[in-house]
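Sending over a structure as structure tokens; questions will come in a sec.
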Amino acid sequence: MKRLWDKGAGIDEVVHHFTVGDDPILDRELLYWDCIGSAAHARGLVTAGLLDEKQCGDLLAALHDLAELAQRGELTIPPELEDGHTLIESELEKRIGEAGRRIHAGRSRNDQIATAMRLWMRSATLEMLDALSTFMTALRGRIADDGDTPVPGFTHMQPAMPSSVGQWLHALFEAGLEQMRAGLDLLSRLDSCPLGTGAGFGVSLNLDRAHTAELLGFSGPQRSPIDVQNSRGRKERYFVRVAVDVGALIEKLACDCMLLFSPPLALIGLPDEFTTGSSIMPQKRNPDVLELMRARGAAMRSLETELNWVTAKLPSSYHRDLQLTKRPTLRAANEALGLLDVATRVVLAFTLNHDRLRDAMIPELYATEAAFELVRGGTPFRDAYREVAARIKAGALKAPARAEAGLADPDALNEALSEFEALALRTHEVRDRVRQAEFAIFSPD
Amino acid sequence: MKRLWDKGAGIDEVVHHFTVGDDPILDRELLYWDCIGSAAHARGLVTAGLLDEKQCGDLLAALHDLAELAQRGELTIPPELEDGHTLIESELEKRIGEAGRRIHAGRSRNDQIATAMRLWMRSATLEMLDALSTFMTALRGRIADDGDTPVPGFTHMQPAMPSSVGQWLHALFEAGLEQMRAGLDLLSRLDSCPLGTGAGFGVSLNLDRAHTAELLGFSGPQRSPIDVQNSRGRKERYFVRVAVDVGALIEKLACDCMLLFSPPLALIGLPDEFTTGSSIMPQKRNPDVLELMRARGAAMRSLETELNWVTAKLPSSYHRDLQLTKRPTLRAANEALGLLDVATRVVLAFTLNHDRLRDAMIPELYATEAAFELVRGGTPFRDAYREVAARIKAGALKAPARAEAGLADPDALNEALSEFEALALRTHEVRDRVRQAEFAIFSPD
Amino acid sequence: MKRLWDKGAGIDEVVHHFTVGDDPILDRELLYWDCIGSAAHARGLVTAGLLDEKQCGDLLAALHDLAELAQRGELTIPPELEDGHTLIESELEKRIGEAGRRIHAGRSRNDQIATAMRLWMRSATLEMLDALSTFMTALRGRIADDGDTPVPGFTHMQPAMPSSVGQWLHALFEAGLEQMRAGLDLLSRLDSCPLGTGAGFGVSLNLDRAHTAELLGFSGPQRSPIDVQNSRGRKERYFVRVAVDVGALIEKLACDCMLLFSPPLALIGLPDEFTTGSSIMPQKRNPDVLELMRARGAAMRSLETELNWVTAKLPSSYHRDLQLTKRPTLRAANEALGLLDVATRVVLAFTLNHDRLRDAMIPELYATEAAFELVRGGTPFRDAYREVAARIKAGALKAPARAEAGLADPDALNEALSEFEALALRTHEVRDRVRQAEFAIFSPD
Amino acid sequence: MKRLWDKGAGIDEVVHHFTVGDDPILDRELLYWDCIGSAAHARGLVTAGLLDEKQCGDLLAALHDLAELAQRGELTIPPELEDGHTLIESELEKRIGEAGRRIHAGRSRNDQIATAMRLWMRSATLEMLDALSTFMTALRGRIADDGDTPVPGFTHMQPAMPSSVGQWLHALFEAGLEQMRAGLDLLSRLDSCPLGTGAGFGVSLNLDRAHTAELLGFSGPQRSPIDVQNSRGRKERYFVRVAVDVGALIEKLACDCMLLFSPPLALIGLPDEFTTGSSIMPQKRNPDVLELMRARGAAMRSLETELNWVTAKLPSSYHRDLQLTKRPTLRAANEALGLLDVATRVVLAFTLNHDRLRDAMIPELYATEAAFELVRGGTPFRDAYREVAARIKAGALKAPARAEAGLADPDALNEALSEFEALALRTHEVRDRVRQAEFAIFSPD
């Protein structure tokens, strides 16, 4: 057997190469999950009376073996086999004969890949949430250590009002919390099992879909077979968006650091081992790491666009176009994880130039405070505003530098930290549940 | 007073026209919400001791009046006033004098617009969910009426397996459910109040933010002042994505209908009053409505892109760029509502060409069923597959046309309908809660 | 008559409203060009023997009249008439009776709108080139006045090497030249006439397409009738890209100015009437105009995306989707013209803070010069680089401040200015030719 | 030496890995061109008196050797060397000592990579034009063989008017011509040499830039050093757009073929070796190749978007972000070439189902012809239109099936074929000129 649908006719090699595309490479990352999904399907076939216990045992043992090879990266997909599904069925047949030819009963590559991708996305979401927690823990540490250090707050790239390291990093922490919530919402969206829907119109073989869904750690089956196919690209889009939003968060951190780092401001520094040099200018120390965080964070958005181009304007059900949903999805996870990793190191490493920070807290930053003082004394705000504007024009602004101005609100911060704990806990619960199911899949008690 | 920051210097008219942009038009849709937000702020100023009851009463009466004018579309923004905020403060001063000059104490246009947009997005989300429910109710009706009518299931645009009207529309119904869940997730993301964060670095005027948040029907204040500004564009992106996904759902419905409508297939029809003609070909009846559902649904994605272009690569805090987040956000809601409206009519109106549908259920559709019959008899699937392929080649496929093949699973469908009820109920609860708050805002007990 | 294809059946009002969309508004900008195209078609019908001279004269007079009304904005399109084409045919029939019912012989709205859009795009391209020339003339003026003023050259947002106002603005001038070349390439792409291709499959009425093409100032007819329809969206994409690239040029100018303007650098200033204030911070003077140039320039890219969404994945020939190509195309021109206008004023108005500029020319900028001095003395570059790096580390860098370092190369600049003249001349020639044709269209000999 | 800017400090390994990114892989495709550019620079240093003939000879020999290794794919870039530029300088130093340390005099990696990319893009454009010619030659062949076969012309996916294979493929041929023109315009845009502009602010070492530009086959140097850096991303965008437009052309061909191929229409067929099967449905023969042409053609647009995200909102001059312009540019060429290759095979291979084509030429297609007959007899068109509409309603339309209706206009087609020859000739001239320069670069006579 070569291709699963091989009926003896030849194939044009250019066409074959074009249709196979990157699958032999991309599917390597999916093989492990395909083995997991296949194990659940094999166990389901027993319940449906289409496989005996012995055959199922052989299949599970062989799939377990393949899963481990896959995890170690030792399973490669020869291009003539088209994709990972074909490799697995072919390996099973080679290893255990007839049982291998039985496993595709009641399934199609259409529900098989949907299942593998769903499992992969669930796992990758948990991995992103993990990396996000680590990043946020670094933010929390810097807030604890340096939160009270005053920094000018900038609007329009101009010094505007008194702020602080804590107030700044608290904002990024809140954006991180929003991403954690989004990640948990995403896990709910991914929590239904495509297995047992066949090519996209159901299977008349008495499969117990609720059972296989449970085996795989899902709350239940994805109800509509056509929607299983229609949701390819849709579920991926949800996934990619969470990754893209992580990218946007790191992009903002990078832009903030660029502003504070760049001379003559130079309010923060980077250790030498975080900067790079010029091949021609001996004096340069450049924040390339920040520039690439900005650029890679920004560019991730094109992955959502790529996904949309692939799936747009398609009628319901399966089309070969859907194959191309894999690349941007896998790449999005990769980019998000790389960005979180390097961003965590940047948060831990940047230094504060205290002298310059002190000089930067110029009197003009407190102009609004001056107006508020008048307001507290009874002046209508708009009148106070004009009064202070006049003082500034006359060079007579006395800055009421209030030490506490611009500090992060401690109650708000504590509330945020508590929410972080709660969300991290919920994430761990999901992780424990699904890991347990995945771990147990090859071993029917 | 003209501009709120007017200090007597002139302004370049080209520059002024350019910076003001579309605000005088866009802000008209936001004026009502700005009045609501302003009322909450006024009541908060009383609690903070910066306004007396009488002044507050005057402000509330005037704001109520302006809100009603805004709702009737009778409030226009002269370009020289820049934006809606300026119009409101200017109208208040004109109507009630000093109290009007007091209202901006402790707020900035930065938190004011964030509040107005948050309120607008909350309301528009509820409106989209409403229109979505109506659309899904139409789907439910067609499933009940015509669900059992057999239709070929297509993959790769080719007839593939037996399916049915019910199985098809159930898939779209599930996509609708996913959008309802997304809409409710969105409501959570929007459920925090920006008011009281000033220009983006907090306000030292003892404002009770929890109180004003409650007055506006929010669960609580948005904790970080810098994040309030950073979340402009981010919250809008969440909103626009839900609208874009509604567009993608309608796009898919349109592509399905195009496929089934187009001759020579012509499995479904459209009433004459839904089709249009050609200026040159007297015989044509064209499904322009479907083509425009496809094109407008697809094109909505560029609104998310537009939003991203505006906000990308900005450091933390306010930048004037954020002004441009309004246009794509407002337009997204408009497009989504228009698409849902017309799609509901299409769902209710399309007709079934029963003769053609019967002819379309060709024997080849049942080839997989034939293989399954062999599987049920003990043949390994891959062998059964090859056996049936050989029969087809020999022209000897006898189709085991099973009447129930391709019907929607009734249990799955019922579960979906129940979930619909539950989600609709949750939506109504949120709506009741926030409408009540909005209604009560002008009348302190 | 209402709709051109009206055959007596009714229409669903929601569907009608949805399909008509923005056409009654957008088509107002196209009416003038539709009259021009219709005049050419009428004259072509005479040559084809399908209209007599008298009827043609009546049509031309009526069309001329309508064109003038359109230019003055006095022609509105009632929604029940669908679009501008319908309005014109209906007005002609109303004014001159039978001849009006003859004008649609041998044409379809499909080639009619393609012709009107082609004429509009040709004209709008010339308008953009005009505005671009004005912008470049402003750049040229600043280079002449301030070119020799030294400015640090920044890389990675860090001071890097000596540069100058002239070297900086010369770069933007070159980008402008590239856009002029692109604009002229675009005019070639637009230089073929769609008229006479009917609904998209040719017309069997002996129309002399070369003649009508010439009347409209085109080099010849667009050869393939199907390509006329396929090129809707394609020609528009070429157009929008030129506008988008103008946006990107202004975006870069804005980012440069933001960097040089922002304190504490503040190397350039803006006159008071170009900045705006804060509603809460009395001290602020913000460069909103620069921020909006950045944001609007950046966001224009979504117009190309919108256009692509509309036309992607369509088979050959006309689809109603194409109607939606008009909006992003018209908006792109509008945005580009607005940006060029305000950018020209900014170029003319920004001031140089000479004291700060002097201070900014720090010795480190000349480190590469120091290495080059060693190289001129025979040291291999990489050794010289390390030598200078060591000196910097030891605080012993003596800067060989060369006054001419970083000046724009005068020969290169002159060559650029000559090219500008040549391109401007070519533009004028095209403009003269097409304006003459457009002017003469209503008056046969 | 490791990194060119190494001054002894360490580097954080995560940061290093992140900043290096994909460069070691992507730069492999650029190494060859970097050797070419380096050879020109070496020869320029002789003219500038900074290198003697012997050193130059050694450098050219070593670079020639490296170029050949690169072309055979035998040169790999160890990640610790960062990029291809570093590898080359390091290899040169290893092979020929001091001369290797001299080569970087007067250049920076900034102009070095701009030069290598410019050379690569010029070469890749020629390759795309070559593949496009092959594709168009296939179209020409099919037009010659099958041009007169009647096919219904579709609008709105509905049969509309008589057309033909020739009229259809002529439209695609015209779109191909437009891409050839665009490719030649692109070659002009790429025809200026970045070498000698250093880090982006010029080089004070008396380099003869006109000479090195000539050596590399360019018309002249790119005049403005800052614009050399600013044009990174801009020139790439021009390049990617041409590739994207090739993708859009193939996408349209695919959508046309899908429409004509899909049953029950099935007007065209594909040989068995061009279709694929289903893993579950034994009867299926799917046009996966067409679906993937559609999807990959459509998805290429995201490469332009990716490029835009990387370069947007950057001030003038070099930023590390620019490194990320390489990936989408290289990938765009790859995709375009793959699509043209497979599309050429599809054009040559699709078959015509003559029986079905005959049946498809239904009388309604000729309704407009019937109206034209009345027009030729003197009836105003709008009256003729209504008359024919009435006949259709009454079932009394007699179709005046004109054999020549819908054929491609032979004069127009011939003109297109002549233009093809002319454009192909111009392409060959450019190719000959640049290949000759590239070939001669290592051997100063």
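In this document, chain identifiers A, B, C and D correspond to the written order of the chains, with residue numbering beginning at 1 in each.
Going forward, a contact is a pair of C-beta atoms (placed from the backbone, for glycine too) under 8 Å apart; a residue touches a chain by one contact, two chains touch by 3 or more.
For clarity, every value in this text was computed on a predicted model and none was experimentally measured.
Undergrad: From the options A-D, B-D or A-B, choose the one that repeats interface A-C, i.e. more than half of its residue-numbered contact pairs are shared.
TA: Selected pair, repeating A-C: B-D.
Undergrad: Would you say C-D or B-D is joined by more C-beta pairs in contact?
TA: Between B-D and C-D, the larger count of C-beta pairs in contact belongs to C-D.
Undergrad: For chain C and chain D, let me know how many angstrom lie between their CA-based centres, rounded off.
TA: 24
Undergrad: Hey, how far is the Cα centre of chain B from the one of chain C, in Å?
TA: 32
Undergrad: Just curious, how far off is chain D from chain B if you go by their C-alpha centres, in Å?
TA: Between these chains, centre-to-centre, one finds 38 Å.
Undergrad: Residues of chain D that contact two or more other chains, please.
TA: Residues 4, 7, 104, 110, 155-157, 160-161, 198-199, 258, 278, 280-282, 284, 286, 288, 291, 294, 298, 301, 305, 309, 312-313, 319-320, 368, 385-386, 389.
Undergrad: Can you check the complex and tell me which residues of chain D touch chain C?
TA: Result: residues 1, 4, 7, 50, 89, 93, 98, 101-106, 110, 153-157, 160-163, 167-168, 170-175, 178, 181, 185, 188-189, 198-205, 221-227, 229-231, 234, 237, 241, 245, 248, 251-252, 255-256, 258-259, 294, 298, 301, 305, 308, 312-320, 368-369, 372, 375-376, 380-386, 389, 393, 402, 404-406, 408-409, 412-413, 415-416 of chain D touch chain C.
Undergrad: Hey, which residues of chain A end up touching chain C in the complex?
TA: 155-161, 258, 262-265, 278, 280-288, 291, 305, 309, 312-313, 364, 367-368, 370-371, 385-386, 388-389, 392, 397
Undergrad: Could you pull out which chain A residues touch chain D in their complex?
TA: 3-7, 9-12, 14-15, 18-19, 21, 85, 104, 107-110, 198-199, 271-274, 276-282, 284, 286, 288-289, 291-292, 294-296, 298-299, 301-303, 305-306, 309-310, 312, 319-321, 323-324, 328, 338, 341-342, 345, 349
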